[in-house]
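These are the structures, in structure tokens.
In what follows, chain A forms one complex with chain B and a second complex with chain C.
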Partner chain A sequence: MSARRPYVRSMDGWWRRDPFFVGYMAREATAVLVVAYAVVLLIGLIRLSQGQAAYEGWLYALRSPLAIGFHIVLLAVFMYHTWSWFRIMPKTMPLILPDGRRLSPALITGAGLTAAAIVCASLVVAAMKVAA
Partner chain B sequence: MAEPARTIEIEVLRYRPEQESEPVLQSYAVPFTDDMSVLQGLQYIKDYLDGTLSFRWSCRMAICGSCGMMIEGVPKLSCQTFLREFYPGKVRVEALSHFPIERDLVIDASDFIGKLESITPYIVPKEPRTLDQGEYLQTPAQLEQFLQFSGCINCMLCYAACPQYGLDSKFTGPGILALLHRYNADSRDGARDKRMDLVHTEEGVWSCTAVGYCSEVCPKGVDPANAVNQNKTASAMDFFLRFVAPKGSAK
Partner chain C sequence: MKRSNAPVFWSLFGAGGMLSALTGPALVFITGIAVPMAFLVSPDLMSYAHVHAFAQHWFGKACLFAFVSLFMWHGVHRIFHSLHDIGLHTGAVAKLCCYGGALAGTLLAGYALLSIGF
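Now for the complex of A and B:
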């Protein structure tokens, strides 16, 4: 009879074992708040379809301290989401070999974050112009 | 001039199936010098303190892939991790995570070896050539497509870094998928269709959730996460293209 008795270790609490896993779980968890914000926007759309008074009621509700606090949390979470998304991007793309050598991951991440910053800034500027 | 020897505490997760029902930590005081690796610390224990300690090693220069272990909870090759990094603290050494422990720091790698055999890990020539027809030529760009993935030394650190493999070992896993990609991405190879049958499955690339730690811990810069994710794209393309151009098993 074999004397082998391989020991299988438990995976309980695996994501707390390494800071890298905590970061990964945080990235995955941000998706929940992305959904939450989509729901907020969806409610706005429904209120818009119900007429001007309903829509303005929704806008008014967004000005409450609770709603503003929620949006500040969302902003921070979305920024982390964006950063983590572009950080993993070089690992998810086909190889780009402009001069026969692989493009550096830092360049891909940097380009993604720059593009995100430009798009977000343009949206804010455009929204302010519409509001003005 | 010889430097004065310092002493570091090495904590080893021991498991002797004939005497323990579960692994236990055991401490050793090991004298060391600045140039001593964790592996050399373990060799000191085995030679002078406790001959019953079991661990795998061979080349001592990060090319054989035998001495991977969890060092302070991080998968590393013990031959290229130095004791001085941890002094004056202690250093905890455990068998590679996510694999069954056979004894002490030795894990059961049979799952990994079985998967390695399953991926046709060699080039099947696209067009057979005779010797007098000469060698298969490749451009530098064609070489670059697979070169980094061919650096894998089968050390399994990426498996110890992959929670998806830890949670369900049916997942083919990062290292084997990187090797699979190494052959698929080779312009001389003609066995892609056969390998894609493995890629398409749940246990193929689709169990990967892009944690990305596999690529961080790889001692050879292989970037297995990139190989896996390139094949998610390839698998999705195959899925949609089969409606346009049915071939192979995707009829």
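Now for the complex of A and C:
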């Protein structure tokens, strides 16, 4: 074995050193809950395919305080996902160069958030009108 | 030169990210809060008859399939690329678990939707 033991700086908690990295990690962490929500929907879909009793069992499970609390957390995380998704969009989307100049990042983020607000509001309004 | 498969996963990630950014908060609110608490919406909104009819229609099928599968492809891609950031230096096994999970979810969703019929 080599006697040489070079110093290697620990990377533990590297992302807590800078608020920018904290934001980055928070954005990446939303993915876990996006998958969790997809799993909740997938279970509902599978139960739906198994008939009325199975599906109603899933609906009943969603009414437990634990499930509702979980969905309140999910709602906050999804809103953060929407906000962060459009915030980084100026960097992730292909360049648009009208008149040879880049669109302003604020315009791209603002347009995305406006679109999300319109889509979400339309979905909720539609849900309120169905079977009302 | 061997073609990279990265654009496929990146596209699914991007599509799922965009779909969830545009619709996610409303979906979570409707399915997880409003319907279970009968708040703002009719408790009948997600009744078996309604949701079953929605899932039988081609448009409803397409929506449900897109939500479940693209949300999964989006999430697992991000999780896979974040493993390095939390100090897990993984390879093919992690990739298989992440993308394989999304593939399994996609196939299950497709199977459930097909067995509901048209």
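The rule we apply is simple: the second predicted complex is superposed on the first by the 121 of 132 C-alpha atoms of A that agree within 3 Å, B and C clash if a C-alpha of one lies under 4 Å from a C-alpha of the other, contacts with A are read in each partner's own complex, and residues count from 1 in each chain.
In this text, a residue touches a chain if its C-beta (ideal position, glycine included) is under 8 Å from a C-beta of that chain, and two chains touch if they have at least 3 such contacts.
None of these values were measured; they are calculated from a predicted model.
Novice: Using the superposition on chain A described above, determine whether A:Val130 touches chain B (first), chain C (second), both, or neither.
Specialist: Touch status of A:Val130: second partner only.
Novice: Mind working out whether A:Ala31 is in touch with chain B, chain C, both or neither, as first, second, both or neither?
Specialist: Touch status of A:Ala31: second partner only.
Novice: Going by the contact rule set out at the top, does A:Val40 touch chain B (first), chain C (second), both, or neither?
Specialist: Touch partner of A:Val40: chain C, not chain B.
Novice: Of the two partner chains, chain B (first) and chain C (second), which one does A:Ala3 touch, if any: first, second, both, or neither?
Specialist: So A:Ala3 only meets chain B here.
Novice: Tell me which partner A:Leu107 touches in the superposition: chain B (first), chain C (second), both or neither.
Specialist: A:Leu107 sits against neither chain B nor chain C.
Novice: Is A:Met11 touching anything from chain B or chain C once the two structures are fitted on A? First, second, both or neither.
Specialist: both
Novice: Between chain B and chain C, point out the one touching more chain A residues.
Specialist: Looking at chain B versus chain C, the one contacting more residues of chain A is C.
Novice: Is A:Ile96 touching the first partner chain B, the second partner chain C, both, or neither of them?
Specialist: Neither partner.
Novice: Just chain B (first), just chain C (second), both, or neither: which does A:Leu59 touch?
Specialist: A:Leu59 sits against chain C, while chain B stays out of touch.
Novice: Could you list which residues of chain A make contact with chain B in one structure and with chain C in the other?
Specialist: 11, 15, 28, 92
Novice: Residues of chain B touching chain A in their complex?
Specialist: 15, 17-18, 22-23, 73-74, 97-98, 100-102, 108, 140-141, 144-145, 148, 163, 166-167, 209-213, 215-216, 223, 225-226, 229-230, 232-233
Novice: Please name which positions on chain C make contact with chain A in the complex.
Specialist: 14, 16-18, 20-37, 40-42, 44-48, 50-52, 55, 64, 67-69, 71-72, 74-79, 81-82, 85, 87, 101, 105, 108-109, 111-113, 115-116
Novice: Would you pull the chain A residues touching chain C in the complex into a rising list?
Specialist: The contact residues of chain A facing chain C are 11-12, 15, 25, 28-32, 34-35, 37-42, 44-46, 48-49, 52, 55-56, 59, 62-63, 67-68, 70-72, 74-75, 78-79, 81-82, 85-86, 92, 112, 115-116, 119-121, 123-124, 127-128, 130-132.
Novice: Going by the contact rule at the top, pick out the chain A residues touching chain B in the complex.
Specialist: That would be residues 3-9, 11, 14-15, 17-18, 20-21, 24, 28, 88, 90-95, 97, 100-102 of chain A.
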